[in-house]
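Same chain, two partners: chain A is paired with chain B first, then with chain C.
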Partner chain A sequence: MFRRIALIATVAVGSVVAVAQAQEQTDPNVVARQSLMRLNAYNIGVLGSMAQGRMEYDAARASAAATSLYHLSLVDQSRMWPPGSDTSSIENTRALPALWDNMDDVMMRGMALRTAAEDMMNAAGTDLASLQGAIGALGASCGGCHRAYRQPD
Partner chain B sequence: MFRRIALIATVAVGSVVAVAQAQEQTDPNVVARQSLMRLNAYNIGVLGSMAQGRMEYDAARASAAATSLYHLSLVDQSRMWPPGSDTSSIENTRALPALWDNMDDVMMRGMALRTAAEDMMNAAGTDLASLQGAIGALGASCGGCHRAYRQPD
Partner chain C sequence: MRKLAGLCLGLGLAGLAAFWLLTRPASLSPQTLAAFAVYSADAQRGEAVFWAAGCAGCHAAPGLEMDASAEDRMRLGGGTRFETPFGTFRAPNVSMHPTQGIGAWSFQEFARAVMLGVSPEGQHYYPAFPYASYVLARPGDIADLWAFWQTLPAVDTPSEPHDLGFPFTLRRGLGLWKLLNLPSGFVLADSDDQQVMRGRYLVEGLGHCAECHTSRDGFGGLRRENWLSGAANPSGRGRIPTLPPQGWSGLDITAYLQSGFTPEFDVVGGAMADVVASISRLPSEDRNAIAAYLLAFRSSPSR
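And now, the complex of A and B:
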């Protein structure tokens, strides 16, 4: 499972750079949500890499990444997903129209990310085993929403 | 002063979109810091606009923006400013080399932003006068660092 999660994290960071390179958004709300996703990936990347052993475990660094992720999960997104900003309507977004039809589910998934990030914040600085114990739920909270509401590459 | 602050906020948001359009960064650390700056500007823009009367005061919206800004100020930036990522060394950054020569000052300014954001979080939802009372210190904490360490447009 760790390999799968790490793969998700790697793909996420790769996608983030690709999105940044292709960035042509002018809607500040879309720029904001993509910026938030980038920062999420930036921090999850560290945790996923440590969980899978591709980066040496470092308690302080793991804790900083997890704490950052938790604070990012508390950033208000209420303006970031305006109607008409899905991938059928504008360029350079992979947000599927289904997202807007399932806002209750999206909100619930956002709360799942917040809970998973908080659990990771409380685990990441303890030791590698604790970090590994929290990575599954964290990866699942990202992947669940992406699979449902993000257009595949 | 409010006009000046609002102008700063407007210019900040404008710059953010310009940076997003010209985005060609591939260093994930630089992408991350620029993403964080964008999210700061996205939220400060709301507060500055309300302070100056260009956006109707809305307690919930002001509070959400200020709370977001506070959480963003707690995101770890320790990996975001690697040596060699200044404007003389890479494209598409306005970070001046002086930043790396004055890290203690930069850290102090970062703490000033955190304090100003916390004060704004405690003020923004009360009423417009309270928001206006907190905007000066917040704008100063942004502007102080930008004037010292960011290349002018």
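And now, the complex of A and C:
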């Protein structure tokens, strides 16, 4: 457990530095939400690679990634999306103004991610078929927000 | 003086006549009609055409969830809005409803609409409807598509009018646009690689990828010399990326089109999310063909 936390912390710090350097994003709230997205992708990467057959299925590893992802879905984001941090207000974000106009929907979709991550946490360590059965809903929960609230590149 | 006025009037009338002739809505060619006459349409094949052509992406109800069922995506009541520099387009109801949709159309009216962008009343459609890509469709595919269409439900949502500024409200002028912009063939040259040729048909024709991934001139025509090189988002902020994205392998492309996951395991968003919702329902050989085309195109002299 401690090693897992240490790993998460290391990656979190690394992502913050990487994001800050690559995009010169200085608002700590925006840096934090972008880092959280990267950590999500980092863990989904393990699950998705196994689901796609690019990485050999490993129950312990899949379970660890899914557990991390679930805990990431619990992170308090209340300060990460301050008003005025959308694409029409600042550089280096793709968060559309519509996100702030539909906060109830956004919160609901955040909960959908949590549910999908929890389902994945329960499935990932069972076997590859269970993991593959849960990955679609997980991707759809990410896509539900990206579709409506994130601008293309 | 009177002579000059007469000359001006004459030239004006000749100009009008020329405009009228040049902008006449086209009819299906004798070759297309002949192809229809000997083709036996199949609704099941038509379903694959439906997903390849992305019909649901514009004409299904707006705001469908990512995991919406195929049945929901086949309810073509329209209503999605497209904000563009020319005004706001609204996808019409193209369900089988006899009055709100297109249920009362004949097959030839359907084929003329899809392949030539002309309505049953003989009016030009706006090229927000991607007939400039569908013009490359095989007649047999359109016949299959119409056979499949017959199996789709009637939806009674009324179509809403587009909201455009003058002079774009004058549809006749679209005849000139078509003269300038309807392609006479494919961008990528013919080759013996059947997979690449299948991909070319899917990407350049039915899939109409270039409609977003290629930049446009001031009149909304595709800059074919910049084929698939990315473009400003046609309805909103940001940019639509170059295809294929830098460094993506064939497996990266097919995995993305099947699952929405990028190689970095970011998840598809924006209008592309609806594209993936359609393309992921094609047979895997078709996604493989799309990937083969994109990689072949990037390394070809056509790029």
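Quick note on the criterion: the second predicted complex is superposed on the first by the 132 of 153 C-alpha atoms of A that agree within 3 Å, B and C clash if a C-alpha of one lies under 4 Å from a C-alpha of the other, contacts with A are read in each partner's own complex, and residues count from 1 in each chain.
Operating definition for what follows: a contact is a pair of C-beta atoms (placed from the backbone, for glycine too) under 8 Å apart; a residue touches a chain by one contact, two chains touch by 3 or more.
Keep in mind that this is a model prediction, so the values were computed, not measured.
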First (chain B), second (chain C), both or neither touched by A:G133: neither
Touched partner set for A:H146, first chain B, second chain C, both or neither: second
First (chain B), second (chain C), both or neither touched by A:T67: first
First, second, both or neither for A:V75, with chain B first and chain C second: first
Which superposed partner A:S35 touches (first chain B, second chain C, both, neither): first
Chain B versus chain C as contact partner of A:Q52, first or second or both or neither: second
Partner chain(s) touched by A:G110 [first = chain B, second = chain C, both, neither]: neither
Set intersection of chain A contacts, chain C complex versus chain B complex: 42, 45
Complex contact set, residues of chain B against chain A: 13, 16-17, 20-21, 23-26, 28, 31-32, 34-36, 38-39, 42-43, 45, 64-65, 67-68, 71-72, 74-76, 78
In the complex with chain C, residue positions of chain A that touch it: 37, 41-42, 44-45, 48-49, 51-52, 54, 87-88, 94, 96, 135-137, 139-153
Of chain C, residues touching chain A in the complex: 63, 65-67, 233, 236-241, 251, 255, 259-261, 264-274
